[in-house]
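What follows is chain A paired twice: with chain B in the first complex and chain C in the second.
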Partner chain A sequence: MLSYILRRLLYAVPILIGVNLLTFALFFVVNTPDDMARLQLGAKHVTPEAIDRWKVEHGYDKPLLLNERAPGSARFTDTIFFRHSAAMFAFRFGKGDDGRDIGNEIRTRMGPSLAIALPVLLIGVLVNVTFALLMVFFRATYLDLWGVVVCVVLMSISGLFYIIAGQYFIAKLWNLLPISGFAGGIDGFRFILLPVLVSVVAGIGSGARWYRTIFLEEIGKDYVRTARAKGLSEVRVLFRHVLKNGMIPILTGVVVLLPLLFMGSLITESFFGIPGLGSYTIDAIQAQDFAVVRAMVFLGSFLYIVGLILTDISYSWVDPRVRLR
Partner chain B sequence: MSFVPVILWTDGLIFALLGGVLALVWFIRRHPHLSAPWAAVARRPMATGAALVLAVFVVIGLLDSLHYRARLSDSPPGRPQYSVEVLSVFDKLVGKLRTHQEKTYSAPLAMQLYAKEFVERDGASVRDYPRLKYGGAHLKRADERMPDIVRRALVGVAQGLAVGVLLFGLLAAWQTRRRRIALRPWLASWARGGLSWPGRTLVLVVALLLMLGAVTVRLAAGYHVFGTDKVGQDVLYITLKSIRTGLVIGTLTTLVTLPLAIVLGVAAGYFRGWVDDVIQYVYTVLNSIPGVLLIAASVLIVQVAIEANPERFDTAAARADIRLLALCLIMGVTSWTGLARLLRGESLKLRTLDYVEAARAFGVSHARIISRHIFPNVFHLVLISIVLDFSGLVLAEAVLSYVGVGVDPSMYSWGNMINGARLELAREPVVWWQLTAAFTFMFTLVLAANLFADGVRDAFDPRREGRP
Partner chain C sequence: MTRIGTILFRAGLLAIGLALLTACSDNWNNPYPRSEARANVAYSAFSERPKHLDPARSYSSNEAEFIGQIYEPPLQYHFLKRPYTLIPLTADAVPKPRYLDASGRPLPDDAPSSAIAESVYEIHIRPGIRYQPHPAFARDAAGRYLYHSLDSAAMAGKTQLADFKHTGTRELVAADYVYEIKRLANPRLSSPILGLMSEHIVGLKALGDTLEKAVKAHPDAALNLNDFPFAGAEAVDRYTYRIRIKGKYPQFIYWLAMPFFAPVPWEADVFYAQPGMADRNLTLDWQPVGTGPFYLSENNPNRRMVLKRNPYFHGEIYPVDGDAADRRAGLLADAGKPLPFIDEAVFSLEKETIPYWSKFLQGYYDSAGISSDSFDQAIQFSAGGTPRLTKSMRDKDIHLVTTVAASIWYVGFNMLDPVVGGLSEDRRKLRQAISIAFDYDEFISIFLNGRGIPAQGPIPPGLFGYVDGVAGLNPYVYEAHDGKIVRHPIEMAKKLLAEAGYPNGRDARTGAPLVLYFDTMASGPDAKSRLDWMKKQLDKLNIQLVVRGTDYNRFQDKMRRGNAQLFEWGWNADYPDPENFFFLLYGPNKKVANGGENAANYDNPEFNRLFERMKDMDNGPERQRVIDAMLEIVRRDAPWIFAYYPKSFGLTQGWVHNVKPNLMANNTLKYRRIDPALRATRRAEWNRPVRWPIALLAGGLLVAVAPAVIAWRRRERKAA
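After this line comes the complex of A and B, so read on.
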């Protein structure tokens, strides 16, 4: 088991290197630091001096890969690649355009992101599984048929609509909850209620339908027929047997998402003014802050790979037939 | 000539795609084993109804893809000069919708502006809602508005129904003549739903679409059906123009995805070994980057490139079009991994089957084995993923435009409409019509696409046979 995890971790290294090289190519080769400076400085006819000054300020004045003029090992370390791309492996992200340390921002913003994303995931799975089980229980009746139609209708509605409608009706018109904002501790509860509610409702359509397919696949298997033949009631079959076995794909689908919860949700956070990583990313994209976008790309890929490894481990945990070697 | 045709990049690709689809239809019709699942799709009422709605969207999108630049009226006869404004056949057809511009916001079917202004009345200057320049301009008094709207709507419904009945009569005449049966039994079996195709749904959907269309045309002749936006442009016009953007993103992106996913996915599964390793590595890397971030990073870079070379685009439309194309390319390059993984798994299974082994034993080349034995057997997966992805891509456009990495801000798109209008909900009274129009049209397109996709998936997926 331990050796398996170690091997998987080692396998993750080349993938992270690939991500790193790709972002390096996107941000520094396709698009030179000069272009970035021109975009940031805005004006059409910027002076070369202004561009140079901007590059020095942001540390983009070094050669890309090889510094011919530097002595010794600084030939490789005193370059844009080493300082801005390779440094990410040590989680040193440097500073954003606003002068703040990106690593620091990430640490303080992870909390609010998690405060929204974790309840959304847990409540979402609970609600979706409940609806899916109901549809499976009433399968091949009009209730099931219309349940599926409602799911398709729900998933055809844009996610933006759920947010805008939720904010408008619940917060503005009926004054039930604050329209946006965030607070730490117990005060924060009323702030996270609306974003969580909206996100869960927005996910019901695709989620319930997806779980319904999983359960339907499970219900056609032999062990279910055996359980029925033993004389178990349909409810018991559904809860004791189908739910338990159907949880395997559901659980592993959830585990892969767990690490990514830290990243938060771009749209939800920015609409509701949550100071999490999602709104941080969106602000960076809109301000064209390349350093932050680069850091978030690396962090996101890292967390995704952690999620993949956790998924494999959780497989062997919930399904004794899977042995990791 | 009074105009010069303009072929934007996306126009060319859309018509190339249309040509490809028509060729495929012709090919499928000639092969009974290929057309059988499509016949199954056509027998499903939901799928056919949805396909009809989709067809309306597609026709509007295609009309909107025939671009031209009008000749300036004051240009000298020897050296014609053309307007920098790129128009489309659709613009020409709707004519007044585009040019009837008010001053600022006005509510749907209103005859007065949204904001109060000083207006001259009986020699004195009073603060009141001024009349619109075009919306309800034919009315004399405010109390004539409601009866006029109702009259126009009723006339529209009647006209739509009349055309619908006429079409139904033609259909009945054609069917009874072809099958040599009397009209009465044919009508009876139609009403019962006993035809081999979903006749009732088809007729109902066509009638509804005709009525909706006729009512809209009637009302749009005198009013702004969905009101006007901040600069006074007709919201119905903007919404209809946005259809093309949604369709382009939904289809051209798949066009980019397909070759990558098919070639790489099948190659990885069929050749295994180092080819498989390399391809798996590439798609794991691409997959591990959060999608929106990768798209955002690439769009930022395209933006820099476009701004660095402004001289390459002679019109604003050409520049917006390149950005739209780049968005499709980027979304395609970042989204081929799912299908590729699916095709790899399927090819892995297929390559061990007896008939593939036999072909290999006979010395058939790899290229031939893949094209004759592997590809036809994974084609249903490709098709299902095309129709399933479409709706997701249309929805993604709105989100990306909100993030600021979507289509060009000058382009008509539902994402831009929503983005521009969402803050107007804070106004008093609320400006709700832009959001409603954009969400309604987007919802209709996506729902139709989803229902159609379900029909296609059920008909093509061999594992789903005989299941509800």
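After this line comes the complex of A and C, so read on.
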């Protein structure tokens, strides 16, 4: 298995280079370093000298991909792409345009992102699986029918609506929880309750329907019929046998998400004032801070790859037939 | 239920119980710690994280909100007096320049500008002013700095300033002001005003060039500015320093009230330049060191920024001189009392308007702006058009504060454009016709909820040169009617258009319709109605308007290259002087030719001549006459459609005192007083938790689950 993991990690290197190159190309197709300097320096009293100084200060005074004036390998290394990209493979992200260390920001913001994303994932999976199993238990009855209708209704509503409605009713009208904000330690609990609740409710529709489909597929298989023939109760059949065998597709969806939890949620964090990585990314895109955007895309890609590897490993754990070589 | 399920269920119950327990004797929705309930703390929000807190770099109003309270330039604006008046802050008096001729001989105060080779400002600062507590000043018993030569081992475990055990302070000296002026030339800081100040301060450009060479020669070495001589500023003695300005530049005095000219102690630069500091975001750009009434005790721009009272603040008193209106508004109730009134100010990051507005209504913010979403909830207009608060706001004892900003929005004509540009009579008439057609009274009513005043010229209200009422109207666009200013009828615009060679919007020679192009940064669904309105204005003249929406960078690029025809832009005053608006129309500042701020590329020799005279004059009747003549020229030439002066509306809670909008001053937090007891009472009253939804939810769940449980049991029995 170790050689499999190492091989997969090595495969990740060209993928990450490709992602980096693509981000770089997309960003600089619409922005020149001069544009970035002007945006950062503001609208007043911006001179060409000030723009040049900003570019030097932030390392954007070199050619983008190819330095024709440089000798030898420096033609490729003495460029904006190489200078800003090579260090990332050692997870040194440099500084944002506001001068703050990106690595430090990521470390600081990971906690708040996880504080929301982890409970949302765990509670969400628990609620969705339970709801789905109940629908399967009552399949082909009015309870199943109305359960699906509720799921479709929940799926059809925009995520933003849940946030606004949650804030309006729970925080503003009923004064039950703070409308937004964040705090460390035990005091932070009351700040995360509302975003977690809203995110879980927003995810029930799609999650429960998906799991219902998985369980319905399982429930028609021979081993389920055998279990029933043995005289096992329906609850036992569902929770002991169907749930266990339905874990493989559930793991596919969940394990791949685990590393990405660090990246936070863009909209939720912004609306609830959570100082996580989601809002960091949104801010960087709005401010055209290439250093941060590139770092976050790189980190996102890396974590996605890690998530895929973890998914493969988890397959071998839950299904003895799967062997990684 | 499985074992894991049971554990999770119990953990959930425990968590909810804990949450309710922590909130049981408080307002459940209170975002602040209970211990702060009756503290003398001001609460407000910021929507955009500041980029720079270094006084040499910061140039945004959202940054000034913080550093204005921390750094102290030598001068400040009087809190109450209007027009805006400069008074000393750390200086003992507002300096008067001495003028010298080319050979260094003194000249009289009324010497002609052409004879003045140099203006010298000598500033005396008051002794006994001390910096905030900071580890950069900490010394041991032998007088050695404790934290000026830290290695990586010493830096281990230190992530914030509070991790440094010792702090110190020292007295403010004149050399600190000189040091900061030198910092403006530091290439590593990219000060936004270096280019502008290099034109005015003797030797600043040369210093910048020298420093740039030094940085190139030793890219990784720290730059000790004290090692570099500088002719433009010098410390004469411990409390006096001198700045040399090229020629005459009377507006320089206003710069002395901005953080760019606030003192920076060299110790701070040495402290922050040490290895490992920048990696921990410990830089002067993020951790200011000042002498002001507050210091930044918590700097987390991702969540909140906290200013605390500086224990070493030199002391200042609330102004005693205000006018009758100030007295009536209770703004002199604290006259003569020591400042600041509050102990702490907490600024929370609030990016979205819905939570921001809701928290204000819940009493968790002391003041708020009014977004368009909440405007109707807060403001209603009387029959006479006067804005007033709605009943629900008045019932909460919320107060409305309005002020006209020292800003202007305009639609510029590119004077280099062959269709709308040039100074010939027919082009002038074309621009005048278009100016009449754009009904900005209607625009203000529809799109700004009345938050603006139609502009009559480039100078906004509150600045010298602005003439109020009918006497100050733009006769080329407006006329007086029963003592009111009304727009010329559209027929006059049609007549002017015909005289310009476009009868009924068509070229008199070719018969082709007149098509104009409008460049704007506005885009998206929100901007569509506004852009449609603009098209509709020119429809009145049968002129077709093509809107070219673009992003900020492309727009700037078009302006630099002169590729726009009509464009929309605005300007906020740097300082309260008409020069700061007229220079936007001064010929040598043309954007295309010289990269200046004259985006319309307007160049009228007569206007230029008057500008050069006006900018060096003292305020008085003679200067007003020159300004009137300049206004007449720009109104006639119409290089801009003078759109509107924006009006800002703000709300404050009943427990907040001493609020008077001051568009020039950025250090007004020290005047603010709050009544924490009243605030605590109102918060408790406004935020009583409504418990029945919890019971309803529990009941609803039971009702939903019960049939399922019954059906399940029935099925289980059947199976058995």
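Definition applied: the second predicted complex is superposed on the first by the 294 of 325 C-alpha atoms of A that agree within 3 Å, B and C clash if a C-alpha of one lies under 4 Å from a C-alpha of the other, contacts with A are read in each partner's own complex, and residues count from 1 in each chain.
As a convention for this text, a residue touches a chain if its C-beta (ideal position, glycine included) is under 8 Å from a C-beta of that chain, and two chains touch if they have at least 3 such contacts.
Fair warning: this is a prediction, and the values are worked out from it, not measured in the lab.
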Contacts of A:230 with chain B and chain C, given as first, second, both or neither:
neither
Once chain A of both complexes is superposed, is A:171 in touch with chain B (first), chain C (second), both, or neither?
second
In the overlay, answer first, second, both or neither for which of chain B and chain C A:290 touches.
first
Check whether chain B or chain C contacts more residues of chain A in the superposed model.
C
Considering only touches as defined above, state whether A:38 meets chain B (first), chain C (second), both or neither.
both
State whether A:101 touches chain B only (first), chain C only (second), both chains, or neither.
second
Chain B versus chain C as contact partner of A:191, first or second or both or neither
second
Touching A:134, do we find chain B (first), chain C (second), both, or neither?
second
Overlap of the chain B and chain C interfaces on chain A comprises residues 30-31, 35, 38-39, 164, 167-168, 172
In the complex, the residues of chain A that touch chain B are 14-15, 18-19, 22-23, 26-27, 30-31, 35-36, 38-39, 139-140, 144-145, 152-153, 155-161, 164, 167-168, 172, 216, 260, 263, 266-267, 281-282, 285-286, 288, 290, 293-294, 296-297, 300-301, 304-305
Which chain A residues qualify as touching chain C in the complex?
30-32, 35, 38-50, 53-54, 56-57, 95, 97-101, 103-105, 108-109, 122-123, 126, 134, 137-138, 141, 143, 164, 167-183, 186-187, 189-191, 193, 233-235, 239, 270-273, 275, 279-280, 283
Can you name the residues of chain C that touch chain A in the complex?
2, 5, 8, 12, 15-16, 18-19, 22-23, 27-31, 33, 49, 51-52, 59-60, 187-188, 190, 192-196, 212, 278-281, 283, 285-286, 300, 302-303, 348-352, 354-355, 358-359, 361-362, 551-553, 556-557, 574, 595, 597, 687-690, 693-694, 707-708, 711-712, 715-716, 719
Which residues, counting only chain B, touch chain A once they are in their complex?
281-282, 284-290, 292-294, 296-298, 300-301, 303-305, 307-308, 391, 395, 398-399, 402-405, 418, 422, 425-426, 435, 439, 442-443, 446-447, 450-451, 454, 467-468
